[in-house]
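Next, two complexes with chain A in common: one pairs it with chain B, the other with chain C.
Right after this comes the complex of A and B.
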């Protein structure tokens, strides 16, 4: 599965993966999303939230491969999405999104991981 | 506003030419704090005012509407007041003409998102599947 982690103001704390099933975890609450039946060319219209937070932003299947947009919570600073990567490269304890170096920022940028708030 | 100028923090601005010891705080909060992410840009002031902005694509939703949900880059706590203005150049590429356009509106406002809409006028040419336009949205409200 290919994933792209978006930098957002609200997000699950982290995700776990099992085949084409994604589990989103937020403040002790978990929600399972089984995407194995998502069809080729299907239209994603939305998914239920986990503990009041949107977990899946977009789902598509192209050439048989599932592509999903997830989220990671960021705070102050300038951030951009991770870019497409294999779900095996996702690290729940790390900052998967990227800092946007095109915009000057002199403060302490942070993002949230499974371990809590992490400074960039 | 009382500035804690004797207690500068590193919360926001270490190394700034203007605030080499960090952004001054007011009642524990930075006087101003800002950022950007996938959902847009934002600025917060210590008096509780928050601004969010984005340029977003609205897409075919129904024959009379193109729309998109904007998730705010940071959540509000209340008093949020969104507005948006579709770009006339991109709007002119949709199936209805500019003269066919009707109300520019929003709905479903929450502290974390809003749906932005452009409607066609009653009786005018319908939007077609695949129609899109760019709109510039802003929202002011409270973060505390």
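Right after this comes the complex of A and C.
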């Protein structure tokens, strides 16, 4: 499965993967999303939230491969999506999104991981 | 009684700052840009929100998840307008048809389903205008901003 992690103001704390099933975890609550039946050319219209936050931003299947946009919560600072990567490269304890350090901002830059807030 | 004016502007004001800075936090992420001021004001903006979920020939919609949430759903106001594509490689506004359908035909932008962290944006086709209405794959580009309270 290919994933792209978006930098967002609200997000699950982390995700785990098992084949084409994604589990989103947020503040002790988990939600399982089985995407194995998502069809080629199908239109993603939304998915249920986990503990009040949106976990899946986009799903598509291209050439048989599942492509999913997830998200990671960020605070101050300028942040960009991770870019497409294999789900095996996802690290729940790390900042998967990218920080743009070239632009000024106020406050302390951080992103949330399974371990809590991590300052960039 | 004579009035005494003080300060550079002639008026003393408490001057909302935090650690001497009127801006507490700012940044940007996949959902837009945001700034939080010490007096509790927050502004957020997305210069290019794409509305692309087909509902019917009469409308398309999308949900804007805010780059930073407000304190509650009653604490902010929103404005939005159509905009042209920034770059030539952005998706064609009307899939499968030549460009040139006017925003007047597309009609107004609807804003609703307010929550503290998101809002629904919809674009509505004007009945009786030129064209056949929206089709699956159509996209409208919207600039949208909201101002309100973060605390």
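Here is the rule we use: the second predicted complex is superposed on the first by the 115 of 120 C-alpha atoms of A that agree within 3 Å, B and C clash if a C-alpha of one lies under 4 Å from a C-alpha of the other, contacts with A are read in each partner's own complex, and residues count from 1 in each chain.
The working rule: contacts are C-beta pairs under 8 Å (C-beta built on N, C-alpha and C of every residue); 3 or more make two chains touch, one makes a residue touch a chain.
Since the structure is predicted, the reported quantities are computational estimates derived from the model, not experimental observations.
S.K.: When the two structures are superposed on chain A, do chain B and chain C clash or fit side by side?
M.R.: Aligned on chain A, chain B and chain C clash with each other.
S.K.: Does the superposition put A:45 against chain B (first), chain C (second), both, or neither?
M.R.: The second partner, chain C, only.
S.K.: List the residues of chain A that touch chain B in one complex and chain C in the other.
M.R.: Residues 6-10, 54, 71, 74-81, 97, 103, 105-107, 109 of chain A touch both chain B and chain C.
S.K.: In the complex formed with chain B, which residues of chain A make contact?
M.R.: Touch residues, chain A against chain B: 6-10, 54, 71, 74-81, 97, 100, 103, 105-109.
S.K.: Once bound in the complex, which stretches of chain A touch chain C?
M.R.: 6-10, 45-46, 54, 71, 74-81, 97, 103, 105-107, 109
S.K.: State the interface residues of chain C toward chain A in the complex, per the touch definition above.
M.R.: Touching chain A from chain C are residues 21, 23-31, 34-35, 53, 63, 65-69, 117.
S.K.: Quick check on the complex: what are the chain B residues that touch chain A?
M.R.: Touch residues, chain B against chain A: 10-16, 22-23, 33-39, 42, 71-75, 112.
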